[in-house]
Amino acid sequence: MSAPERIRGIFVPNVVPLDQQGAIHEAELRLYVDWMIDHGVHGLYPNGSTSEFTRFTPQERRRIIEIVVDQTAGRVPILAGAAEANVRETLGACEYYAKLGVRAVAIVSPFYYRLSPDNVYAYFKEIGRHTPVDVTLYNIPMFASPIDLPTVQRLAEECPRVVAIKDSSGDLTQMMRFIEAVRPIRPDFSFLCGWDTVLMPMLIIGCDGGTNASAGVVPEITRKLYDLTLAGRIDEARAIQYKLRKFFDLLLMADFPEGVRVALGLRGFRTGAGRQPLSDKHKQTLDQLHKALWDLLTSEGYPCEAPGSCGPEARAGFDPREVGRLAEEVVAALKARGVV
Amino acid sequence: MSAPERIRGIFVPNVVPLDQQGAIHEAELRLYVDWMIDHGVHGLYPNGSTSEFTRFTPQERRRIIEIVVDQTAGRVPILAGAAEANVRETLGACEYYAKLGVRAVAIVSPFYYRLSPDNVYAYFKEIGRHTPVDVTLYNIPMFASPIDLPTVQRLAEECPRVVAIKDSSGDLTQMMRFIEAVRPIRPDFSFLCGWDTVLMPMLIIGCDGGTNASAGVVPEITRKLYDLTLAGRIDEARAIQYKLRKFFDLLLMADFPEGVRVALGLRGFRTGAGRQPLSDKHKQTLDQLHKALWDLLTSEGYPCEAPGSCGPEARAGFDPREVGRLAEEVVAALKARGVV
Amino acid sequence: MSAPERIRGIFVPNVVPLDQQGAIHEAELRLYVDWMIDHGVHGLYPNGSTSEFTRFTPQERRRIIEIVVDQTAGRVPILAGAAEANVRETLGACEYYAKLGVRAVAIVSPFYYRLSPDNVYAYFKEIGRHTPVDVTLYNIPMFASPIDLPTVQRLAEECPRVVAIKDSSGDLTQMMRFIEAVRPIRPDFSFLCGWDTVLMPMLIIGCDGGTNASAGVVPEITRKLYDLTLAGRIDEARAIQYKLRKFFDLLLMADFPEGVRVALGLRGFRTGAGRQPLSDKHKQTLDQLHKALWDLLTSEGYPCEAPGSCGPEARAGFDPREVGRLAEEVVAALKARGVV
Amino acid sequence: MSAPERIRGIFVPNVVPLDQQGAIHEAELRLYVDWMIDHGVHGLYPNGSTSEFTRFTPQERRRIIEIVVDQTAGRVPILAGAAEANVRETLGACEYYAKLGVRAVAIVSPFYYRLSPDNVYAYFKEIGRHTPVDVTLYNIPMFASPIDLPTVQRLAEECPRVVAIKDSSGDLTQMMRFIEAVRPIRPDFSFLCGWDTVLMPMLIIGCDGGTNASAGVVPEITRKLYDLTLAGRIDEARAIQYKLRKFFDLLLMADFPEGVRVALGLRGFRTGAGRQPLSDKHKQTLDQLHKALWDLLTSEGYPCEAPGSCGPEARAGFDPREVGRLAEEVVAALKARGVV
């Protein structure tokens, strides 16, 4: 039997559009899924950090995956963020997402409490032993307990279901250590870069792809960077990487992931307000960011004539989101009458 | 109208005993509540960090408060940890706990994402505006976004419902800044120390009490430290503080709050295993800790003749936990037959 | 033989006044030494961090100690900062200062390189083995390699010449660990607090004194805090500690130790400009600091009618500094003519 | 006039061999200089961090540069580390090294004290205004005050004599920010990578070279990595980068730069013991490191048959170091008799 195929390419940790009541805006999310796939991303990664997974309830997290899987309809593979309150709940989510048909789940290291490396191992080992679906380790030391080299190595050795690591530290040296330790024993294991400013160098030193917030806003550019780098067209790739660096730095001017939400709005999506209340000062930062992103995107020739006027609207004579909104209103009206 | 009374004294962030299936061990928790109150603590603080609040589901968190409130039956005030996934859910918890009759809720600063100070302010301001119950700010910078001085000051000025801050940084200088900024404008505002090794100096520089994990294991000693310090018996208080320092350092040898769970077991409670899987290496650490705690407690004359044999058992001719367990078995049997 | 006396009391890490050429202003330094002693400090601590020891040459550092020792003339004990480029040079400084008659030297942990704790131990052990004078360990983790608990404990056990630790971390818990480990085996070992905002609580948990930058500017207040605390007059001491906290926070608004230099100028000393070039922005910070310190000092009733007009001038009918300056000018004129 | 040439290539921050008395081993240093040049490095960088510059006296630092310049005799350019106690002393060193004919000096950001970015700027601005020789900024945030983006940008704009930055943070994103900000206005400004594990990606994103400790031990490999990367032979370069990553990680197992000293001994040089005393535990680490480095070097085919038997010895029928040592002994004998 041949070794299973590695997870490769650019996966998008997508923003979740919210409606005016702060609820998941399903119609907009569906439009957004289509748009990302149409713009060339290799896969989707709902319930990641960009998706503000911690700010949704367990029920909402499941609903988000359901919507994304349903709308994707098999066109691209899906990595489903599956971290819940504890191992039991997380395994419950794994089972649910497995049945929905996701390619794999991604599970962030335990957070709030900062665990010792050996207990991070114990956590993932317990999951690796019982999961019915492939697991991507998610290492993001600025937010969660770090996943260290011995942990990655042991999990790769002992758990066939652990098939990848997504690293958002941006630390190339550590990524080289991971790759050198794991690739010889697990040729099917995938290494994904979650820090957009170093995507090109990470691909060059051996990564298989990335989970990149930028790909949810400028999928054209992230995908192009990936393709040019893999084609060995280093000079062109470098030029794109510099653009992406600038764009990503802008996104991070505001508390993550607010900047991504604003930027996506510029591409024409009605993303709504995030669930974290923002100070007046922060709203001013977002206004500045809005302008800077607008300048950057238009100077790069992106179809963003005006906020709210580009994006999906540009693709058709009518606004498909209007259809979604109409449908929502109908459903709401029916619900109000107790019909559904 | 006279100013409302400040929250004062030693509140316990209690461990939640778990049964063999990892579920809340209600009978043991009830026994534990009684024991803490009998041993002199001024209040209880369920759903704090020691309670592993992040490892329970939203439903379980509510259940824990219900049990503690019901068992306490008004004997001491209760601070209920109320942090949920977002402001809306958190306010929902506030309303629920308000109806149960808690003295106040305690809300940790947003975690996972590290927010700018002004957005931490915005978060608590939104809560302070809508909460139906008094709120204690919970500052624990090693786990969550720090709550800085301007934030505390503004919230104290603008939100009458924000009535206290619990600080687990152990930073005396910062506590002095908080007190100096807030006390003149809010004489009803309470300052609580959440870092047991500096409880005595914190009380001396003006704190009103503490929320102390040690008080869940050795309530006698934490209470005594509080009383001696307030009585100005500095030499005796210092001696106790040194003992508590040693005890707390031991508790933190293992990943927090595993050590507290082990130590509570030594006082005779069936705390069960925590929900975080532990490595073999960590289990060895806990074994060493077990012995060290045993030596410390027995050398101090605590009623801990043997693990499992002290604590509530010592208080009566029969083991009240047996009664609880019998009752549980009966209920389980009835449930199995569909009776309840 | 009775055990030697512990080092006790408030030692001042003094600013080194500089003249217009940036050289050591000897006359002003001598005046300053007198003023500090007259205002009640227990000892002096030249070549500490406040003295900007790293910004002087090895020759200048020796000269500073010579001046301070000579001017002090045995009135108070002196801790001489003796850290040099390596062990050999440091031991050379120890010998030199021993001959001058200092009470002890203070040696900061190796800096620039961050050493492992065991090599910090090896460094001090080598010094402890060969020093001809008592040594104070200087722990300041924000600037130099930390000195950890096992290191302090081993050095206390093995090196009779190591007689004290000065800790500028402000960490009370760590200080309690130090004291608990060392005091039983070395009753002559002294614990000094180098973080002024927590001096009172540090004294209460067992410290023997402090090395406090504030004592170089407001020796009256630091000394008073020490006396009140030792006398058990806790309420009065607390009030002073709050004032000192505010003062120290102000001093640290600018890059350390620039604020101390400015503040000392307000007490009437011609401190000159420091050796670190300052940005325009930082000069504005110092201007604001100047005003804030002025307000604080005058509101507390310190003799600071106008910058340059208080301090030593207030104590005599003529300005003794003028004498010093005249002498300097004479010497300079003689030098210019090749006479000396 | 055409723009001046950028500093390019691999510069070696060389270890300083010490004799049995701990003094500079001049003969061995001269041999080492020859060996490095013969093995293809583009330039030398004495008095860097690997040279333990802080552990020498000001006089010794000057002597080291004299020896290296003299022995190099113009064969390769020299970057001379010139940081001294303060601006005046540093400018004195700049003048001295300028007269010796170095290509440029390298000046580390102020250390011990952690300065605000604007004061780091003020420091370098003062130097840039008065230096008679080109200056390389040296950014090493783990040891010294960080040099931030606005500082680099302003210095590049305002100071023609500031011609390069050496960055040892290993942070690719920051390096891209530096390059993007400075290259358009200063095409002569050079960017050097001081973190060997990411040398290849740094070159790919636009760096001009590196200052690499590894090049002092395995100059063949560091040089080869540079050449392959510049030639666009990415696959081969990647393989070398992985080897260098492993080697560099080994070097850092011990407190920096002890590992480099040990490794250089393996190449046949009598490096002597460093000036930092080492604990027994650390000596064991160095023994393990010795073996691991030996295995790595021999498995890669380096001429290291036995410690002490390779290196310069392999290049000639007689040991040129013996000549040096003989000469030293003669001089010592003459000195003892007062002849020289």
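Note that the chains take the letters A, B, C and D in the order they are written out, and that residue 1 is the start of every chain.
Methods note: a residue touches a chain if its C-beta (ideal position, glycine included) is under 8 Å from a C-beta of that chain, and two chains touch if they have at least 3 such contacts.
All figures in this text were calculated on a predicted structure; none of them were measured in a lab.
Asker: Which chains does chain A share as contact partners with chain B?
Answerer: Touching chain A as well as chain B, we find no chain at all.
Asker: If every step must land on a chain the current one touches, say how few steps get you from chain B to chain D.
Answerer: Graph distance in the chain contact network comes out at 2.
Asker: With centres defined by CA atoms only, which chain is the most remote from chain B?
Answerer: With centres defined by C-alpha atoms, farthest from chain B sits D.
Asker: As a quick test, compute the distance in whole Å between the mean CA positions of chain B and chain C.
Answerer: Their C-alpha centroids are separated by 42 Å.
Asker: What is the distance in Å between the mean C-alpha positions of chain A and chain C?
Answerer: About 54 Å separates the centre of chain A from that of chain C.
Asker: From the C-alpha centre of chain C to that of chain D, how far is it in Å?
Answerer: Here chain C and chain D have centroids separated by 36 Å.
Asker: Indicate the residues of chain B shared as contacts by at least two other chains.
Answerer: Residue numbers touching two or more other chains: none in chain B.
Asker: According to the definition already given, which pairs of chains are in contact?
Answerer: Pairs of chains that touch one another: A-B, A-D, B-C, C-D.
Asker: For a test of understanding, state which residues of chain C touch chain B in their complex under the given definition.
Answerer: Those in contact with chain B are residues 170, 172-173, 176-177, 180, 195, 197-198, 200-201, 204-206, 232, 234, 238, 241-242, 245-246, 249.
Asker: Per the contact definition, I'd like the list of chain D residues that touch chain C in the complex.
Answerer: 22, 49, 54-58, 85-89, 110-116, 118-119, 121-123, 125-126, 142-144, 255-256, 275-279, 281-282
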